[in-house]
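Chain IDs A, B and C follow the sequence of writing; residue 1 opens each chain.
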Amino acid sequence: MEESQQDVVTKAERMAGTEPLIRQPAVAAGTGNVIFDVRDMAVYYGAFKAVTDVTMPIYENEITAFIGSSGSGKSTVLRAFNRMNDLIPGARVEGEMYYRGATLYGKDVSPIAVRRRIGMVFQKPNPFPKSIYDNVAYGPRINGERNKKKLDEIVERSLRAAALWDEVKNRLKMSGLALSGGQAQRLCIARTIAVEPDVVLMDEPASALDPISTGAIEDLMRELKSRYTIVIVTHNMQQATRVSDRTAFFYVLTDSKSDTRTGVLVEYGPTKQIFEDPRDPRTQAYVTGRMG
Amino acid sequence: MSVETRADSAIPAESAHPLKHSRPLGDRLFAALALAAGLLVLVILVLIAVSTSQQASSWFSAEGLKIFSDNWNPGANDYGVLAFIYGTAITAVIAVVIAVPVSIGIALLLTEVVPRRRSAPIVYVVDLLAVVPSVVWGLWGILVFAPWVQHIYNSIASGVNGIWVLGFLFGGQNISGASFFTAGLILAFMITPIVTSLSREVIATTPSIDKQGAYALGATRWEMIRGVVWPHSQGGVVGAILLGVGRAMGETIAAALVIGSSPTITSHLFAPGYDMPAGIANLFGESSGIFRASLMGMGVLLFVITIVINVLARGVVERSARRSRGA
Amino acid sequence: MAVTAQAPGGPQNIDLREPPSWRRTKNRLMTVLMVLAFVITIVPLGFVLVTVIAKGASVISWQFLTSGIPPNVLPANVGGMGPAIVGTLEITALATVISVPLGVLGAIYINEYGGKGILARIVRFMSDVMTGVPSIIMGLFIFTLWTLHFQYSGLGGALALACLMLPIIIRSSEEMLKLVPDALRQGSYALGASKARVTVTVVLPAAIGGIVSGALLAVARAAGETAPLLFVIGIVTSVNKNVFSGPTTSLPSQIFQNATQPYTGAQARGWGAALTLVVIAFIFMITARLVTARFAKYSS
């Protein structure tokens, strides 16, 4: 039965008004190794519930995209994977998060050890005020690597993997701050993979870049996929369709009684399915551009 | 064509061109006053230089280059002030060596370790430190601290006498509670607030995104500070340190009371000494003629030195602020 | 309906425990050092304050605050520091009246009229530099310019203190003026007001809380200064009601004098004066804080 676009929107709006709107997200399971196993996760900042009802598996060597309008919690969930929320006073994670079967938020789990394995690239490129070489070498150095030859190897390897080596190989002593936006972001990616993580999280990695650099970053993501698991947050739906294997859609629930906005995971599945045949009307409204 | 000068109104009189009006007298007066007040700073600085140099001129001409000798004997008309210059430098060095690690430590504590809400007591203590007047530090220094610390100095001195560098600095026969070291120590307490607050300002401008970048690589807090905060802040902190040096050099009264009032050049820090501002403060009252001119001259030297240090310091701070903004 | 998949074979062997101990230890050690730095500052501060309060409180009384200054050799329970208190209040008040309007006007020049011009930059830079000029230089300066011609007077002391306060007030007022949002000025200009009118009727009132608080801190600093007054006001033991002529005394001057006396009576009176001075400075500091807090509510 063909529902008109208007019906879809009305249905979505009606659902938005229904309270309490806590439904189980529609999650399509995949095959393959599960890297992250998230069950009933919620994140609070003090008393404010930022995102809730997140249950999803993230699979190895895939690119998973988080999409949704602003405030829907996608960055918050992303930052929960490498415990960057810990840096915000009052932040609290409830529910269960497993990384390769081990709990991420256990009592004797060190966030530092977590972050060595789960790296992060930020929206605005943030090269350190150091030389390009020292930027990439920073991570290995704090992990104890002192051997100059080994460091040289690591720096070259990482810069190659980030498709930046040819452009900077003769200028390694130059300050990282002197690079253009796209190059700086690739430097940050090189820096992140220099510590040989397992997972690379990317929070809107190309949104501050011009279209050509964006394309370069997307190519890079596809190359890195074979060695790392990648999770990206993006507000650009075309980007999600271009690069990701699986997509999760987040939505903002407004509780009119207490006037709070909380994010929820609504649907999660193979990218093709999310964009061409979404199960949930809210997903459909978003991906067809009617909402958000 | 006259414009009605309603001095407090900017609405032009009807008879003038409707879109053009000459600035009313009141406005021009106000602007002139503001300009004059601003220029006053420059005028005062020039006047200080000129008037004190003029008063010191008889000393310059009497001694010539001997003003830099270490022969200070007013009774025999010898006015070489090297001992005072030496004391100024040494006490400033002692003060900075003690105060800088402490100040940077507190600044880092406030910006990186202690959450904003709980930082108030620490800020309070630092402010209290700044509010204690110099003369009270001096009073306590000479009446309470110096007698008490003399015993400690004596034990240290007898312990290290003969031991290479330690004996060089802390040994010697002439041990006094009122000495270079005591003056330097008290100066350290006095410059800590300004070095702390300036360092803190600079450190707090480190972009959070840079810090997150370091944490995301699995750095501990100290590794993040060393890798991100320090390179970003080092220019500004150096400027803060220079300002502390300038402040320590010019601090008069506390030094005048606890430095020992004995113009000597010695490496032994526990010996009594003298510095320029203390010399001026203690000796001015009973001086006259060339003696007085020599004290004025010390004032000129002190003025020049502190101006140079402050210009350097402000320059360094501004340049590093500009660089971090631009980058 | 959510489907989760647990990898077959149970949790893979991931060790997420603490990083190598040497990194952890170094981190902890540094944090301890930072705390130690703070503790190091509490110790002398506490030492000084406790001593001043203990020794000063035993001398302070109404009689102390109002009596004349006795000869140094007399015991502690005789006389007081009345003239010094009056002197400090008079000289500091006069210095404030001279320096605050000039300082605020100077700040107005730099921020409102000077703009990005080279002169404004020079004035701002040299004001900064002037805050670092030792206070004794101000004393020598006023001695040369004023005292040599007009003899000792409270006015001379006020001039010296004003020289000290001027750059401080210029810089702190300028910071406050900078904080006033430009939108306020634009709104006033749009109504046809002239620059002077905008500055006086809109910008100044918006910044007044911060300016007053900055001025209070400058006054607290000036009240405690000894060096500028040393050669300029002389020293007396009774109240000089005329601040414009004749030598006078001040609390810091008396403390400085009494600190070098061998007589316990004089020393005790010195402690009393020190306590009084610290209390005065403290009151100014607290008032400045309160003003800032109160006016923070009114500013954007």
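Please note the rule applied: a residue touches a chain if its C-beta (ideal position, glycine included) is under 8 Å from a C-beta of that chain, and two chains touch if they have at least 3 such contacts.
Computed from a prediction, not measured in an experiment: that's the story for all the values here.
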Pair of chains whose C-beta contact count is the highest in the structure: B-C
Farthest chain (mean CA position) relative to subunit B: A
Centre-to-centre distance between subunit C and subunit A (centres being mean Cα positions), rounded to whole Å: 50
For subunit B paired with subunit C, centre-to-centre distance based on mean C-alpha positions, whole Å: 15
For subunit B, residues contacting two or more additional chains: 218, 220, 223
Overlap residues in subunit A, where contacts from two or more other chains coincide: 112-114, 116, 142
Contacts with 2+ other chains: residues of subunit C: 19, 23
In the complex with subunit A, residue positions of subunit B that touch it: 115, 207, 209-210, 212-220, 223, 227-228, 231-232, 327
In the complex, subunit A residues that touch subunit B: 82, 84, 87, 89, 112-116, 119-120, 122, 124, 126, 128-130, 138-139, 142-143, 177, 188, 191-192, 195
Touch list for subunit B against partner subunit C, complex: 8, 10-11, 23-24, 26-27, 30-31, 33-42, 44-45, 47-48, 51-52, 54-55, 101-106, 108-109, 113, 122, 125-129, 131-140, 142-145, 189, 192, 218, 220-223, 225, 243, 246-247, 249-253, 256-257, 277, 280-281, 284-285, 296, 299, 302-303, 306-307, 309-311, 313-314
Residue numbers on subunit C that touch subunit B, as the complex places them: 19, 23-24, 26-27, 30-31, 33-38, 40-42, 44-45, 47-49, 51-52, 102-103, 105-106, 108-110, 112-114, 119-120, 122-123, 125-138, 140-141, 144-145, 163, 166-167, 170, 192-197, 199-200, 220, 223-227, 230-231, 252, 255-256, 258-260, 267, 270-271, 274, 277-278, 281-282, 285
